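Next come two complexes, and both contain chain A; in the first it sits with chain B, in the second with chain C.
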Partner chain A sequence: MTFQIDSGIDLPGQELGLVSKMPAVENNGKVSRDDRKTVGDITHADPRMTCRDVHVWYGDKHALNDVDLDIGKNEVIAMIGPSGCGKSTFIRCLNRMNDSIDGCRVSGDLIMDGQDIYDRKMDVVLLRAMVGMVFQKPNPFPKSIFENVAYGPRIHGLAAAKTDIEEIVVTSLQKAGLWDEVKDYLDQPGTGLSGGQQQRLCIARAIAVNPEVVLMDEPCSALDPIATARIEELIDELREHYTIAIVTHSMQQAARVSQRTAYFHLGDLIEVGETDQIFTNPKHQLTEDYITGRFG
Partner chain B sequence: MDNSPKHTTDLVRQGLAKRYRQEARFRRMGMTAIILGLAFVSMLFISIIGNGYSAFWQTYAQLEVHLDASKIDPEGTRDSDVIADADYGGIIKQSLRDMFPDVTGRRDKRTLYRLVSNGASYDLKDFVVANPDRIGTTIQLWVPADDDIDMLMKGHFDRDKPESERRIKDNQIAWVDTFVEQNRIESRFNKTFFTAGDSRDPELAGIWGAATGSFFTLIITLLLAFPLGVATAVYLEEFAPQNKWTDVIEVNINNLAAVPSIVFGLLGLAVFINFIGMPRSAPLVGGMVLTLMTLPTIIIASRAALKSVPPSIREAALGVGASKMQMVFHHVLPLAMPGMLTGTIIGMAQALGESAPLLMIGMVAFIVDIPTGVLDPSTVLPVQIYLWADSPERAFVERTSAAIMVLLAFLIAMNALAVLLRKKFERRW
Partner chain C sequence: MSTTALIFTLVLLAGFSFWLGRKRSFAVVNGDAWKLHSLPNYYGYYTAIWCGIPALMITAMWLFFENTIITHLVVVDLPEEIRSLSPDRLNLVVNDIRNLVSGNIVSSDVDPAMRAAADHYIHLQAISQAALTVLVLAIAISGALLALRAIRQEKRARNAVERIVMIFLLASSTIAIFTTLGIVLSVLFEAIRFFETVPLTSFLFGLEWSPQMAIREDQVGSSGAFGAIPLFAGTLLISFIAMLVAVPIGLLSAIYLAEYASKRVRAMAKPLLEILAGIPTVVYGFFAALTVAPFIRDSGGLLGLDVSSESALAAGLVMGIMIIPFVSSLSDDVINAVPQAMRDGSEGLGATKSETIKKVIIPAALPGIVGGILLAVSRAIGETMIVVMAAGLSANLTANPLEAVTTVTVQIVTLLVGDQEFDSPKTLAAFALGLLLFVVTLILNIIALHVVRKYREQYE
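Let's turn to the complex of A and B:
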């Protein structure tokens, strides 16, 4: 873990070299609100993806400032923070979904399997086959349920025979907990399902290409509590096979589904830690303010 | 200020009447506009149909024709070439003279011959060639009446006017009345109008030549404009970077949509005909010119259709690892297709109704033959309408209106197709 002094903040005595390498501490033992360097352990013993010095700009706007974070194998890591804090921007860097946004620039190292995913040699199609994504609003294709799930494996050539495709579709739907509800309606349009079912269909579609990491950008924000509960159960089950990075606005959800939590604030990664620790004993004043509902 | 609820509702109530009056006034204005619009459209339709419906009927006269073997086939060979070469005009004239033996003067005789169409001799020839065994007998043959007689029978000439102010003379009226007395005149469905090409004689003129020309021209336009327009729209919307060049291109496409169509005709004349050396009056060149004209329409409509595809579908496709090309062709394009087709059909309907640019490239020529390919000289429906509207014969007035009706029918059919396609392929997400 590095302690860099953010150039934007003038700490007294900085120019004199008097500031120690220890963060400024408030009277209640928390790291001061003005201190924007990351608190907590950003590393993971068995990382799947390693991010270092990640900066993102949208045009002139510095949307993400120097983020270091490991995403571990078979863990669920939750990104929380107030709106516009950069948490969605961060996970969209992990499968380069930001590429399609005009004026978006990403710098830093995002390493997966020893390769920088922003490297020129990295194939975006291949990356997205390994890092799947589920979006905020359920977005099934306006095609049949079967076609929705079969699309990914088909374009990646994962199955040669028709029966293989069918098998992938069935297992994916089963893993997504949707099979029992839709097995008789596979030829019906995916857009005809309820919101929660659509989102589970999107999860099935994402895992049909057998990714290693699944990114979820507020997957439950458009769903009612019952559908949300189902998705949360599902996330817990999926952890066995996949690494999951989830952005959520619901702190309860983060507490329920994740093992580690990262708190973002205005483009800075403020604090990373075990979920229990973040919610019971945050080390940073901003984190505490957020989880106690003082703003957000 | 007193903000008690009672006070507020009083204030709102005071203003309510004014609001309702405004709304009612606006509605009345809207209704008036719609009624006016409908009135103009119905006036247009009523005048065109009122003028044109009679063109779908044509007066036919029955002649008693003696097929004199010495005139048709003097050597009795029954060879169809010999039979086809006979002087059938003379035979028709002979039968008219036989019918009215008291007509003697040269001028009177010439007037008498003009009772039936010039096409009568061709009809007779066709009959004899098909039935050579009837040579030597006397037959009853229905032939189209001359356009003036047709107009007289349809009541477009006033019999009560003094003879000097009429196109039809007294003796002609007397002969026609004789025909009517002998039940030798009748009104039949005007098949010629739908099967023939243009002619100087209204009773022989038809729109099939122009319709075929329009068909070939539109096929060329569709084949060129649709792929070009869709490809341009897809590239500009999905692949092109946003920079100064694409801005310039976009502005120019929008400008092209507003360029007067005759300018495209001049361009076609200068480039396609004079520079490249393509044939004049050909549907190929017409189609290329109309492609230039319809491209902006198709591009703009297609881009709007692409823009209306929700970004979530693009993200979904990219999220499962589709390449940009796969995203566009598997998901975005199918969803945008109904809008693109609608734009294309509207562009095609525009092209179908366009005459000005085609005048420039020579599709305004008088062409009798039905075109058989895209290189044959031909004309198109709106130009045919223009040509007929320019003709002095009274019978062309109703044919002009009838041709307009045919053109309108095609346009309505195309627009209905656009609506149907949109309904059929429209998908909800």
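Let's turn to the complex of A and C:
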């Protein structure tokens, strides 16, 4: 592996004059562990959301430190990193789910459609309709399968007639790959499904309000390998219509489903790049440590 | 030795045998406590238990049967003409003998036979006391000696003590259960005596309540009617008004406390709300009778309504206030028990806080809330002091909250307060009412517990 300093590393914002000096370099050509500046290209040719200088504090704890990242249209971007590194915190900023946490403070620019989502004028309700979320543990409401999916469209008034609602429910369940399994049991409680089915129900519930971005916070960590494979397939299919940001602890999963990968470490965004490049040839020593299993 | 002194001696003996047992455990291993199966104290407890418990049990049993046996022996030795009296009269004689023994006033002149019987009684008591003392001390000492002899290096004293602790706990819970059973049975038997004079159907379905019985044949206007319907109608009317106050206020304040209030507000408001539960009901009672009832009567007068000064409304309103903490505290708990994931899921879809509460939290918590409300209802039905002071005594069968009604509990109180003869249906009616009230609240509690248990299975 050859490495040349002047052509090998794309530093973020280098051309904008944001980076003043070259990073320290290890013997093997990787950026040193002590350097916490983001390595790789944080930009995307066709961004859906643009984040700059994002800081998050939980009380006195500085949970996320100066993150710059673009989320591209119709891409799957994976956030990886050891526990407590800030990856969940970051995607929860994207639909302001952190608002309900006591003592959480967010600063920086998070732009979607030319508007700062933390702006006073921003309507959180509309933002969350555009940026949906799927959680770590499947959390269907204790209602019927039909009502679970119909919940979002109903509160946003997306359907006037009963038939419209039915149509939305059917297409959402079809998109989530759950239709064939549940079409005869729509009035059964959603909590009665298996773990993998519950998670696909939650995905159907999220896409029923027709969001543009879907955030997934470790969506497979509570599932068995078969259900996981099913969800990964689904994520790949959903990419056609949606932008997906997924947090995962499984590096194989990140490698399988994502186009770009971002590696977080102790609140810093360490490295961003094409998924192939991150997993075969990381540019930062910390990234290499993590993906080779030296820690994490 | 008197019984008190005997028990005191037993306690001392047990304490002494604790010390002996502990010492003995050291002795069997030559002072090396590490070699013992259990800690030395356990050998002490073991010895003390063997010394104290059997002896105490024998004492209790002896005292329980002593009176009956001695009385029997005395009666057997009474002259023939007294023994052949009817059981009731014989009882009076025995009572006189006992009074004579304890130096109380007796009902008739003391004749020599009675005097002899009393002496005989005293003599038997003395023998019994002496026998008890000897027997119990012997059992205590031999128990301790046996336990001491059983102490070996590998003796599992710890497990033995553990088993006795378990039996002790079992006995404690049995006492609670048997007490309940005893209360139910005593009420049941008196109620059965009542139903011997008043038919069950006329009690359950009768529309008139006027429990005055004629003592003499020629007394006027005291036929006695024991229809429980007006009482239960009054109880239900007042409870209904109370729930009308308590459920909305309690539920809404629970939602505020659980979902909206900041930690500081919650820490202050919740204890303040629960102070309501700490106010004695008698205080609520005179608040209802002296403040609320006149206020309602006066404001009703301004509106041209005819309000009784002991209206169901006043009692119901105040009872509702009293029950608020029940509803709010239980609802607060079940709302908090709804997993955070439900809130996240709903808010992640763009629902507002009130939509989330209305459509997800409350439906999910509903079984628990219903359980809490049912418990509050049974509390309202059984509540006595407020209605005694603020509701009336006249058994009107009405649904108008501005009129005076009476409740089951009020009638039970009025039937039993003061000197009462226990062979008239008037007094026994109280037990029938109590039994019916018990059955109603029991059914409500069973439903409530069932609903709450079903709720627990909802998640996972």
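What we mean here is this: the second predicted complex is superposed on the first by the 276 of 296 C-alpha atoms of A that agree within 3 Å, B and C clash if a C-alpha of one lies under 4 Å from a C-alpha of the other, contacts with A are read in each partner's own complex, and residues count from 1 in each chain.
The criterion applied here is as follows: a contact is a pair of C-beta atoms (placed from the backbone, for glycine too) under 8 Å apart; a residue touches a chain by one contact, two chains touch by 3 or more.
Everything quoted here is computed from the prediction, not taken from an experiment.
Superposition of the two structures on chain A shows chain C clashing with chain B.
In the overlay built on the shared chain, the residue A:267 is in contact with neither chain B nor chain C. Of the two partner chains placed by the overlay, neither chain B nor chain C lies in contact with A:81. Once the two complexes are overlaid on the shared chain, A:135 sits against chain B and chain C alike. Looking at the shared chain after the overlay, A:196 reaches neither chain B nor chain C. When the two structures are aligned on the shared chain, A:282 is found in touch with neither chain B nor chain C.
Once the two complexes are laid over each other on the shared chain, residue contacts for A:95 go to chain B and to chain C alike. Comparing the listed stretches 20-28, 128-136 or 164-172 of chain B against chain C after superposition, the clashing one is 20-28.
Under the contact criterion defined above, the residues of chain A that touch both chain B in one complex and chain C in the other are 95, 97, 100, 102, 124-129, 132-133, 135, 137, 139-142, 151-152, 155-156, 191, 202, 205-206, 209.
Looking at the complex, you find that chain B touches chain A at residues 242, 310, 312-323, 326, 330-331, 335, 427-429. Considering their complex, residues 95, 97, 100, 102, 124-129, 132-133, 135, 137, 139-143, 151-152, 155-156, 191, 202, 205-206, 209 of chain A touch chain C. Per the touch definition, chain C reaches chain A in the complex via residues 263, 339, 341-352, 355, 359-360, 363-364, 458-459. Note for the complex: chain A touches chain B at residues 95, 97, 100, 102, 124-129, 132-135, 137, 139-142, 151-152, 155-156, 191, 202, 205-206, 208-209.
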